[in-house]
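As structure tokens, here come the structures.
Paired with subunit B in one complex and with subunit C in the other, subunit A is shared by the two complexes that follow.
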Partner chain A sequence: MGEGIGEGGPLVRGSMGIVIILALLIASLPIIMTYSTLILTSFANTIVSSPWVKFRFTLENWRLFLEGKLAPTAGVVYTPEDILRFIVNTAIVAGGVTLVVLAASVTSAYAFSRMNFFMRSGMMKLLILLHAFPGVALIVGVYAIYVFLNSYIPRDYSVYYSFIFVIIARASLEIPMAIWILKGFFDRVPWELEWATIVDGGSRLTALRTAVLPLVKPGIAAVAIFAFLAGWEDLIYVLVFLPPHEKTLATYIESQLGSGTLETTYLPVVAAAGTLYLIPTIIFFVVTQRLLLETMSGGLKG
Partner chain B sequence: MARRGRQALFFLLPMLILVVAFYILPLILTAWISFTPLTNWRVRDQLDDFVGLENYVNLYYLARYDPDFHKVLQTTLVFVTFTLFINVVGGLVLAILTYLIDERISLAYRLLWLLPRMTPLAVFGLLWYYFFYGGPQGTLNSFLLKLGVIDEPVRWGTDPAMLPYSAWAIIVFVNGLVGVSYGMIIFYSAFKNIPRELIIAARVDGARTWEVIRHILVPMVRWHIVFVTVWQLLSLITSYTHLFVLVQWSVVDKWYGTTLALYVFNTAFFDVKNQGFAAAAAVILVIIGSILGLVTLRIMRFSQMISPPRGDI
Partner chain C sequence: MVEVRLEGVTKRFGRVTAVNNVNLTFGDGEFTALLGPSGSGKSTILYLVAGIYKPSKGRIYFGDRDVTDLMPNERNIGLVFQNYALYPHMTVYDNIAFPLKLRKTPPEVIRDKVLEVAKFLHIHELLDRYPAQLSGGQQQRVALARALVKEPEVLLLDEPLSNLDALLRIKIRSELKRIQKELGVTAIYVTHDQSEALAMADKVVVINRGVIQQEAPPDTIYNEPRNVFVASFIGSPPANIFPATMDYTEEPCINLPGGTRHCVEDEYAGVLWRMKPSKVIVGFRPEHAEIVENPVDGRPVIVGEVYTVEPLGRENIVTVASEDIHLKVITPPEVRPEAGELVYVAVEKGKLMLFDPQTEVNLRYIAREWSQGG
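This part shows the complex of A and B:
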């Protein structure tokens, strides 16, 4: 690659470029500041809200958080909470959502990419509409189903039922987009590869598994990551469907700041919870940068 | 033909089951519930009681006479209008600026602006909880106290003296930060599809940066602007999750932080647990949403975008 604007260099050079970069920096300050406040506060003895706050570095917040002593001012009668369990619950929901999304979207995306069937284009349009569908209208109906089925579930199993239900219900919200993204990846795989498998007497399913799937690994990775993060970040579904004692990191943080609890909440400890909760997102960001940006725009170009 | 149909059905089955169970059936149920007196989720007793249009009539009376519901409707209007403006115009500005600068710096900025969208809801709420915190430790208070703009800490979203504007400003700002990245990504990827020669030629002819933006970049994404506007409009009318957290944690006033979508959610699950009434309001939202959704499909000319399948045997 050579130099100059014609060869992939910046379109604006010199002082104008610097002005733009600085303008973007100023516009980004609220984002930079709020995230640093959160992360720094988790290692400090007070809320690090501005550059001139004097704070002491400490791991005390992390210790209190991981020991489940989330409200140290609440007094001696306070029972520690099982933080590990909250983390495991969050991971169960996120992992479950990933599996359900992959199971339901890979085969459908393949069919949309490779087969012609009744109502194909109608179904694809429907999926786009579903993606944009008012979630709040759905959740009322979905909860009615949940309550209705719950009366048939023996009490001992009702916790498992809640988890399975919340996972499938949450995964369903991600499926329309997952199918569109994956279809885009399938469309780029040359059809001749599967043809060879099918001519050799393999079924469509074998062709998909042996010839196509290895070539769409980035697409599957992208969909899996999006699904995992969707399950990981969810607050509303977990809050509504899981019993109050089965918390995830989201509902734990929510319960700390929700009405009526503020007197006992120690904000730096909540910052530790928030920072821990943010780690998978940050890792994902660092590792997949370009894949992330391309998938987000590609999924909509169809 | 029948064999082919069966084969496609086999591949589509998992998706179809989930779509029926978690979209179509719930939608029918929500519409059904809107004609019942369902409260406290007593589905076994109340789901076959019909009250006709009572819930819709109540909704009408509330819209006419209830001061709190008036606040909700006002908030919905203000929230959707201003956030939409930020999402579209802000997204366009971000896309243009990141398109013009050096690719590595651009990537860093685009990722930074994408971060709010990918951040877990509870953490994102927490960030703004600290920022607008009413005590002297809150970031905004801390800055303004230091600069001498205010003498004592302000409870930004809830101080009656500043309502409703402060609460509205906060919900628009916080949601704008999440929504703006959508336009940024769509516009940026559209810019990337513009042949570079076009811009270089203009440059060689002596076009200034501003002229390149005005006469090349913006006209090239006309359709994208329309699409992002309609799509974001749809998403803003129906989104409630970020507002839920802000209201629940008292970052903003309850009524001046509640839009119609959040009102439906809180009515069904938290406040009065009146699902019949909530469902009626939800049905209104669905009708608005469906119309906007169909408009979007028209605009995007989806039929042309859906290419015929390859490898159909």
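This part shows the complex of A and C:
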């Protein structure tokens, strides 16, 4: 691997580097265009649809958005929307999905990797099948469970219930793939590390915590990112199961762009919502990417 | 320290029997090598002693204490793994301190003990590093330090040198033996490398297919292999082994390949007379034979044609083809016959080994068992 592209002589590196950067630029141009349009529009007094549009920098869109005033030109009296609440809702769903996915997939991936039990390989195959089912197709069944369980929930608690339900339902869609990813990471941790801990006086749980988990951190980070984004971006499940007034950013933006509202919506405000919607994704990625790329090696020879 | 005893221990994995009814004693303070090819069950025995595996049958004792049902952490053992199994995310210090931390030892005591063992193994300057920053030999010492820091009664080593380069291996080999003797700890050492086993161990246990083939000091293993397997496994190159027919006109005589005959006079004669086998398996070590131009003095001689000569500097390995049998002979560097040349291979007196063709057991051992049995 020492002779890789990036490690050639200075000449090769120079010209190859330019070619690679150009290729990447061209490939990502459409994405860069759409995102820069979105972000610029959120800070502009008009829709920045091309590089030649003249616009003035303003924070007005952000003010209007955060105050929940969505149709400033309509001139009708309406109650402003509680944007902060939407942000908190989104965070609750995304964070909840992350926690549930991690708790379920770390433990079951460890079991799939390390323990022998009835139908182990059959269940692994079943997981792939489960992952292949689209979440939308399952929604009728999931709704049936929702309604059935809802009849046992006191009315006062039904908002909590629907949040918990959304989190668990959305998490279950992510769990099969998460187990597969993590099992791969667990499989690469040699048995000897766990044995060493047990010989040194630890229990199997100590071994998992002190010897194994630190080594599968990159896998846990990957799974956490995917789970968080799945929760953060989810539209259908939130739309179906949360009460109409409990919006997340995704359903809020959808409601602004949905049929019949698009004409009256002031798009720069929605652009501000969209930009805010992107931020956690970026933060989460920056925070975890070091972990994702981190490889633990050494101290073990095969 | 303590003596380790296995009584009728069997370990099955599914339908595979890895260890079959093994009775074995590892002497108190002794350095015992478990030697065998891969898949022979030697590591399984080690992990049975460690408590990582549970025997399917039989009991394991540390002294008078029955440890069969005890967990590894209740046995007071130190274990060094083949891949070292250091915790990659901990510094050398934390790696060594880990077993003590799990025992809830006070921090000051941990510090003292870690420093002591690190100095003993000359790794006290590496304590802040991570395993990935160490060389193979250093990692090996850290693994040993982690095993020794809890002052174990039994030290178990699973091929600890197999990942080191050849020079380092020979250096650490002698060091390991010195450390073991200094601490007086009962040591069990698993290896597939016979030179390691012969060089380091007080006692060598040769294992094949889960069954003990021979259990003896290195000298005996080398000079008096109990059966064909031990003879063909030990030595580099291993012993020459071939079948031969017998005739018993006046004395028991072996018909050697190439048409010569050798009549047995030594301690084998008695057994041969009593058993009168029509065939035997003959063996001798390449270093116990020489290439001669004329067959002389009653030494067993085999006639053959030189097949190849491998010069190794200090010595040559000459392969001689006789009938369809290839024999290896170690010769001094100046003896370099041409390929195709007709030569005589003369075996040193008393170095010819004879094995029972059915059981493959050395006839000398059969003779001894008879004389002991009455």
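Basically, the second predicted complex is superposed on the first by the 247 of 302 C-alpha atoms of A that agree within 3 Å, B and C clash if a C-alpha of one lies under 4 Å from a C-alpha of the other, contacts with A are read in each partner's own complex, and residues count from 1 in each chain.
Rule of thumb we're sticking to: contacts are C-beta pairs under 8 Å (C-beta built on N, C-alpha and C of every residue); 3 or more make two chains touch, one makes a residue touch a chain.
Keep in mind it's a predicted model, so treat the numbers as computed, not measured.
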(request) In the overlay, answer first, second, both or neither for which of subunit B and subunit C A:Thr206 touches. (result) second
Going by the contact rule set out at the top, does A:Ile128 touch subunit B (first), subunit C (second), both, or neither? first
In this superposition, the partner of subunit A with more touched residues, subunit B or subunit C, is B
Considering only the touch criterion stated at the top, classify A:Leu215 as touching first (subunit B), second (subunit C), both, or neither.
second
**Message:** For A:Ser172 in the superposed arrangement: first (subunit B), second (subunit C), both or neither?
**Reply:** first
First (subunit B), second (subunit C), both or neither touched by A:Phe57
neither
### Query
Does subunit B (first) or subunit C (second) touch A:Tyr152, or do both, or does neither?
neither
Which of subunit B and subunit C A:Ile198 touches, first, second, both or neither
both
Dual-contact residues of subunit A, meaning touching subunit B and subunit C, are 195, 198, 296-298, 300-302
Subunit A residues touching subunit C in their complex are 190, 192-193, 195-202, 206, 210-211, 214-215, 296-302
Note: in the complex, subunit A contacts subunit B through residues 5-6, 8-12, 16-17, 20-21, 23-24, 27-28, 30-35, 37-38, 41, 46-47, 49-50, 52-53, 100, 103-105, 107-108, 110-118, 120-121, 123-126, 128-130, 132-145, 147-148, 151, 168-169, 171-173, 175, 179, 187, 191, 194-195, 198, 204, 229, 232-236, 240, 249-251, 253-254, 257-259, 267, 270-271, 274, 277-278, 281, 284-285, 289-290, 292-294, 296-298, 300-302
As the complex stands, subunit C meets subunit A at residues 47, 50-52, 71-73, 77-79, 81-89, 95, 98-99, 102-103, 130-134, 136, 139, 146, 150, 163
So, in the complex, the side of subunit B touching subunit A is made of residues 4-5, 7-15, 18-19, 21-23, 25-30, 33, 38, 41, 43-44, 47, 94, 97-103, 105, 107, 109-116, 118-123, 125-131, 133, 137-139, 141-143, 146, 177, 185-186, 188-189, 196-197, 199-200, 203, 209, 212, 231, 234-235, 237-238, 240-241, 244-245, 248-250, 261-262, 264-265, 268-269, 275, 278-279, 282-283, 285-286, 289-290, 293-294, 296-297, 302-303, 305-313
